[in-house]
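Paired with chain B in one complex and with chain C in the other, chain A is shared by the two complexes that follow.
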Partner chain A sequence: MAKLSIPIFWRVRKHLYTLEGRKCLECGRAHFPPKNSCPYCGSTKLVEYYPPKKGKLLVWTKLYETCDDRSAYRPIYIGLLQLGELRVVLPLTDIHDEGKLKPGIDVELVLRRYIEDGDTGLIYYGLKARPIF
Partner chain B sequence: MTSMYISGLGLLPIDRHYDKSLTQLALEASREALDSAGEYDIDTIIIASNYSTLLQRQSMLASLVAEELVPKGLQVFNVENGGASGLAAVHLARALIKSGLSRNVLVIGVDKQSDYPQSIVNQTSLTQVNYEYHGVMGVSLASLYALSASLYLSKHQLNEEDLALWPVVMHENAVDVRHAQFKSKITVQNVLQSDYISAPIRVLHAHAQADGASAVLLSSNKKESTIATVEASHVVSGKVEYELNEDPLHIEPVEKAVKTVLMQASLDKNLIGLIEVLDMYSIGGPLLLESSGIIPKGETLKRLKEGRFKLGDSVAINLSGGIKGRGFVEGATGVYQIAETAAFLSGYRGYKQQSTDYALAIGVGGLSSVAAVVLVKRI
Partner chain C sequence: MTNLFPESKTGIVGWGGYVPIYRIKLSEIVKMWGMQESLPQILNVEEKSVDNVDEDALTMGFEAARIALERARVNPSLINAVFFGTESKPYAVKPSATVIAEALGITPVTMASDLEFACRAASEALRASIGLVSSGMMKYALVIGSDTAQANPGDVLELTASSGAVAFIIGPKEESAAYFEASYSYVTDTPDFWRRALSPYPLHGEGFTGEPAYFAHIVGAVKGLMEKTGLKPTDFDYAVFHQPNGRFPLKVAQKLGIPKEKVLPGLVTPRIGNTYNASALLGLAKILDQAKPGNRILVAPFGSGAGSDAYSIVVTDLVEEKRRNGTLLSFFIENKVNVSYSTYAKNRGLIKRIDGWSL
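Let's look at the complex of A and B:
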């Protein structure tokens, strides 16, 4: 199966580069990825919400079984994070000492490579989280 | 409440059927169901398949099957709702029968993974998360279940050994299930020595690649061949994105669907004596059972350790062997679940029999994208 097409990635690039989410003016809750109406109360009164660049790691896993196009990065660390009012799942990076990777540690966002589309295609960038020790 | 009768079952052995196409598998299961049902004039075919378009590149599969099965023409539908496709198809059949638009519906579940290497199947399975976001990040369904497994074990002070008991029991249950993919036993040690897929989920927590097809004939009228009834069913959407769940350990659409089904049938949950639950990566079992409200939070693995949930217990769980023992045939799994509940309630053709009147089949698509639940009653 093909990787993301250029137009699809172009449409979501801002969200992947900034984690731009939405905050609901009715129920006050923030969410990511951004929706056209609030996934909690259904209201369409939403404003952009940019999370802080630092947050906490809630839980993580180390994924070994990936697709071929990601084999150079295998295994991938993946975490559930709390960034201000947003909870997001993101790849983790710069893990030099897995023993220090514990729920509750501080993390910060960094722009990194997600995937390359072969030798001639696009390089897809996006945010990952790295631990602050 | 109008019942819907289950009057024919087809349960093909789950395996790597290299010699059979998707259509052949669907036709074989259909003929088995129709043969066991006797004379039926089917007016509707609903096919549940998750990967027919993505792997076999075949859309409108129901028409392709109908061409050979009922050439005169009939109502056809294709249902794709991830791992909940099969149960959603049964729900749709019930809606058609209750409305009077159909009288005899053949629901077929079919999927086939072994035509492709694991890496292609993994790539395809990224369609079960929000592809534009988690897909491009490489966040797979296995990794999301792994996050939940870590949270679950830590919240309930359990360890990997406790989780390893789930696939061990599932393999035990599958030993005498003739359509099961694996009829061999495994040990906790085997599970703990298998490689990680996504920690703490290991290879022996996960399903193997599998092909299979199951079919059930659902009718508005009771016949001689009727072995069970569908008393209630429901489908509820949830959150596709893991992080949008209020509590990652509570699958809200499962709670809602089970509640609605019990309400439809005016049934006390304690009267359910058999559950077939979609136990993705082992942790899916406890997550769904506890979200349903039938098992208290944190109790599933503890009770499993005490030897509960086996044949003859007040509630037996996954006598089929679940995704690990019976196997996981993606969109077809829900149809297997329905056929199995009917078989285990009635002792159909040598299948083991659980002594109870009511069985529940619970499935989800993704981790929490959609839940489908069907209540089956013994005749």
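Let's look at the complex of A and C:
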């Protein structure tokens, strides 16, 4: 099994824990993951933006094919969410009734396990979205 | 009596409880392992909570702490201690408290550590935090009790060992929903329950779990608190004891002369099982979700090995406003999905697989 990169996760840990994005002071739009210039208007005048912990589900899909490390999580549900001014793609969790998973339902951010580096490596945590059925 | 003890300078500024959505009925476990069918009734537990496959003590602790922070409405950077009480920490070495502190924006100027004392570590953290805040060393401290309790499959412990988390932000009395009047600890070396390093499941010294451990220590702590303060059982409106099952808390209340009507409002185990470090403190969270200003609460967590702490807590006028700012514990208790033993076994990592795969 390939070893996961410790520095990559360490660098993005705050973004995984808080979804810290950026908001453009010129055009007012927010984006995630944070970039040094606005992906909409190109401005470099950006400030940190933290989305609210509740939002809406826009669309979703599910994956059956996963790497070994995540086979216990199968199928993996992925959602495009509207969180305040941010649009973010995040894993969905606590899906016990797929029939209720409809665009427009409320979701709430929760900290969960993303992936583990085998039995002895690090455990990586990040925010996922839990539908409020 | 209010200002007699240093504890009375401090109180609970915010509180939060979390229970995972999944439940397994005890009758399912009984059937699986051919146990005596009446055991769920004897234990007075109907079903127990089961964590999802991507949850652990850390993630549940985060969720409870976030609710506590929403109620406290304090700047996270003013919290200068994060204590995580658990006996099911995700890492043997690497603190969970630092991950939660980072995720909540409390880092870097803070104390942070994971404490272990079976089911009582979070209560020890509570007393330590009262000391840190009342001494003026810091304004706020965060205490988390969280467990995904392990049990040997087929052991009687498996019927109750469950998952849940609770968190309290301790701060000045003036900002508190409830303040501490006094506290008292009672600890001895008792071989009632243990888990050796690298052993996946705990064991218990059968004859020691009841009288010499649970009952002796809780009675010792509560009687000590009453002698210290001059309070009587009738002075308390609610009583919450550690809840290894649905029977022991009622029995210890009887021993102390406390009517069961004062215990039942904080009894969560019959619905969700024994959440270990969260057990009694989740009961306290449930009481804070319903208590009125002026109510006095007796809280006595217990941990094997063994020890108990007794607290006298008085609810203030701020309780109703703070209650509205966070999700009530009853939401997590009522919002549930029942699962089979096979789903429970998968989620709890009881199914052995190989090659780069683990829970």
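Throughout what follows, the second predicted complex is superposed on the first by the 129 of 133 C-alpha atoms of A that agree within 3 Å, B and C clash if a C-alpha of one lies under 4 Å from a C-alpha of the other, contacts with A are read in each partner's own complex, and residues count from 1 in each chain.
Convention: contacts are C-beta pairs under 8 Å (C-beta built on N, C-alpha and C of every residue); 3 or more make two chains touch, one makes a residue touch a chain.
Nothing here was measured: the structure is a model prediction, and the numbers come from that model.
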Chain B and chain C placed together on chain A: clash or fit? fit
Check: Does the superposition put A:L90 against chain B (first), chain C (second), both, or neither?
Finding: first
Checklist entry - Where does A:K100 make contact in the superposed view: on chain B (first), on chain C (second), on both, or on neither? => result neither
Worksheet item: After superposition on the shared chain, which partner residues are touched by A:E116: those of chain B (first), chain C (second), both, or neither?
Response: second
Quick check on the superposed pair: does A:R13 touch chain B, chain C, both, or neither? Answer first, second, both or neither.
second
Once aligned on A, the angle formed at the Cα centre of chain A by those of chain B and chain C, in degrees rounded to the nearest 10, is 150
If you stack the two complexes on chain A, which partner ends up touching A:Y125: first (chain B), second (chain C), both, or neither? second
So, A:D68: does it touch chain B (first), chain C (second), both, or neither? both
Larger residue footprint on chain A, choosing between chain B and chain C, goes to B
Contacts for A:L80 in the overlay, against chain B (first) and chain C (second): which applies, first, second, both or neither? first
Across the superposed arrangement, the tightest C-alpha approach of chain B to chain C, in Å, is 12
The intersection of the chain A residues contacting chain B with those contacting chain C is 1, 68-69, 73, 114
Per the touch rule above, chain A residues touching chain C in the complex are 1, 13-14, 17-18, 53, 68-69, 71-73, 93-94, 96-97, 110-114, 116, 118-119, 122-123, 125, 128
Counting only contacts in the complex, chain C reaches chain A at residues 21-22, 52-56, 58-59, 62-63, 66, 90-91, 94, 99, 102-103, 105, 337, 346, 355-359
The answer for chain B against chain A in the complex is residues 54, 118-120, 122-124, 126, 130, 132-140, 142-144, 146-147, 150-151, 154, 195-201, 239, 241-244, 248
Interface with chain B, chain A side, in the complex: residues 1, 3-4, 8-9, 11-12, 15-16, 31-33, 39, 59-70, 73, 76, 78, 80, 86-91, 103, 114-115, 124, 126
